[in-house]
Amino acid sequence: MKSLIDILDLTTQELDELIATAQDIIANPAKYATSCHGKKLATLFFEPSTRTRMSFEAAMYELGGNVISVTGAGTSSAAKGESVADTAKTVSCYTDIIAIRHPKEGAAYVTAKNATVPVINAGDGGHCHPTQTLADLLTIYREKGRLNNMTIGVCGDLKFGRTVHSLINAMSRYDNIKFILISPEELQVPTYVTKDVLEQKGIPYVQTTDLEAVMPELDILYMTRVQRERFFNEEDYLRLKDSYILNMDKLKNAKPDLSILHPLPRVNEISVAVDDDPRACYFKQVLNGKYMRMALILKLLKEAGQL
Amino acid sequence: MKSLIDILDLTTQELDELIATAQDIIANPAKYATSCHGKKLATLFFEPSTRTRMSFEAAMYELGGNVISVTGAGTSSAAKGESVADTAKTVSCYTDIIAIRHPKEGAAYVTAKNATVPVINAGDGGHCHPTQTLADLLTIYREKGRLNNMTIGVCGDLKFGRTVHSLINAMSRYDNIKFILISPEELQVPTYVTKDVLEQKGIPYVQTTDLEAVMPELDILYMTRVQRERFFNEEDYLRLKDSYILNMDKLKNAKPDLSILHPLPRVNEISVAVDDDPRACYFKQVLNGKYMRMALILKLLKEAGQL
Amino acid sequence: MKSLIDILDLTTQELDELIATAQDIIANPAKYATSCHGKKLATLFFEPSTRTRMSFEAAMYELGGNVISVTGAGTSSAAKGESVADTAKTVSCYTDIIAIRHPKEGAAYVTAKNATVPVINAGDGGHCHPTQTLADLLTIYREKGRLNNMTIGVCGDLKFGRTVHSLINAMSRYDNIKFILISPEELQVPTYVTKDVLEQKGIPYVQTTDLEAVMPELDILYMTRVQRERFFNEEDYLRLKDSYILNMDKLKNAKPDLSILHPLPRVNEISVAVDDDPRACYFKQVLNGKYMRMALILKLLKEAGQL
């Protein structure tokens, strides 16, 4: 049974195919409106993430399928002491595909090992969130017409931001990519990303604390939220959260075709004045996330022999 | 994008059209069974209101559409610091129409300003709850065959009861309406309703504390719940909550064609013995609420070019 | 209006018909894929039970119907003081059939008395859980090809385990059944089951504390979870919970065609090593529960004149 736990579970060819499917869905939605008729998606959310859950459910409905939604999953059988493995086996009796969100790293993997239906990791702790990365990739592709030959700035909390690590992993596979890593020193990308991914693959990167200084070089600027829940104390959070706020002034030396991405939700790290700038792509990214989840659901159900 | 935030957003003609549509839905449900096929309603409930949410979801299903249900919406992105405006933009990517319930006044308005799909206010704090008023209007219309020429008694908590204010606002538009406002002195209709609506429009009204004395005059008796959560202290609640309990004895001088309405849920302000009286209309009102929500969803999706 | 509150509400003939329908659903799922088109099931869960809720919702979707899901039902209208009777009348306006789970015994019965649509008891406190028993019966029937002529061992918490009492009640109707009741003395089957059911019907039974000693006799072994929430103090729970753990070693003298059932979720009362033994039927039981719920929904909607 093929599942998606980590973005690296997909080959570059598979990523390209998902992007192609998503593009076709966008062009011909009616063609897909009954693709998953009679199929059921379980959204099994052990921690709240309304945005991600809605995206999966919208995706399944636009494919003509149904959804069984389990929010606060931890309040039920799990609370009675049931193992993740048993939950996986049971939910497989009720649905054709599972999207699971869990606060513990590895929970999605254990679910996939025990389920008899495909499993999609919809976020497991600070670990992986591959469908966010699919949204990011489709957005870059649609904005630039390519996934190679570009300079990508990632800004904000690069230490705890799993979306950043996933994006770096995924984009590292394409040719002629340069990364500019913009963050306070306390929140730099961990060495298991810089050493083990970037340096090992010989991909050029720069680390800096100065967003404005590097702005003119960027083709993509990937902003991230400084998440309160990732900090060990409130003081550090308050001191750092406003360090890298993007506003129109900081954009004055940016390229005219810069694409600004953000995994959302944002707090205040992008000024709302930026929303009206044509370079702001973060709400397009939300839509693209839905299309990539549609493409992914189709792919996994097909490989499971269900479509 | 046309939305419904306050009952006064609708013209009298639009109200009449909604009533006509609802009547047609009741007469020919099969005609509407696939009207919203492929469309998605988001029920975005930041505070619990199972009854209202079920009514919206039943309405959408009876129109052949799908539903993405978000209860406890405040536990997710909003808790991470996301603005109502961003939530509105994001949810617009996932669904075709939004019903929002929020404890803060104005939240539905801000959502409508930022969403790219129609928004229905499903209750915002003590402010508005227009679809309840739509249910009330259809019930009056179906019971009486008219919306003019009648004496309407409203009884109970008239100070905090938003459904009462909304009903007065809506019925004030029709000819030859007289209001009898029955409440303890502490819970009288605010002057911004008596002065600014009733007196300005020259609509006759009486304020009284005595339900039985005015009973014989009434064509409509609109009972309301004394809501514990609207009181500042428990003592006042306990002293007043039982003041205006409707029972068969109080009905002995009522007109034979009186219609008794209540927005529900009731605690004990209407004795269950009244339920079997043909004048009790409050469960019919529940059904009528579903039909008016169907009519409203159809209207807003049509005006948004989605149907 | 026919509802299902207690397994004994169904005659033996009705049980047989439900099993026949479920068998036909399993053989010809496509035949039933639109049976409930346009119908709505409410899953009204006043306490969490994700597994049971998912089973009902999957059942309704596989019949082509829709679902309105109310989890944490107690947080809304009920919390505002609404009676179960009023909730029943209201939900009847929104849906065609109701599955209710409630922590209080009798709540499902009161709901059924007041609803105008069929009601299925999805568990009311320690009282009844008839659809679990339906799952058990179909599993026994599919594994053995019969419901008579067998020795059934029930093991674990037989005092508080409502599924056990229900199973004994249901199987007592078939010919030539013998029960072996295996539990610590503190958790024996109550006398209102042994005296009032088994002895009154002249059904042979044995009470023992020794699982291994009786293993060779069993055709069915029904294991149950020792539920922490049923104990009055933590000490008793800890002392007894591990008393009756089924592992491969204890199975060495079991019949080759033994069928092992468990209502799930399990904590550790069946070792995971047993899962791979062909005699383990508890995940099949999960699937069977879905099919019996499909058969039941069909039956009740038909009898209500809705299909």
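Per-chain numbering from 1; labels A, B and C assigned in written order.
FYI, a contact is a pair of C-beta atoms (placed from the backbone, for glycine too) under 8 Å apart; a residue touches a chain by one contact, two chains touch by 3 or more.
Note that the coordinates shown come from a computational prediction; the quantities given were computed from them, not determined experimentally.
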* Working from the CA atoms, figure out how many degrees chain A turns to land on chain C, in steps of 5. => 120
* Asked: Between copies chain A and chain B, are the contact residues mostly the same numbers or mostly different, with half as the line?
  -> different
* Structure fact -> Averaging C-alpha coordinates per chain, one finds the centres of chain A and chain B separated by a number of Å equal to 40
* Any chance you could list the residues of chain A touching two or more other chains? => 69, 71-72
* **Touching residues (chain side chain A, partner chain B) in the complex** => 33, 48-51, 54-55, 57-58, 61-62, 67, 69, 71-72, 225, 227-229, 264-268, 272, 283, 286-287, 290
* Touching residues (chain side chain B, partner chain A) in the complex -> 38, 40, 42, 66, 68-73, 75-77, 79-82, 85-87, 89-91, 93-95
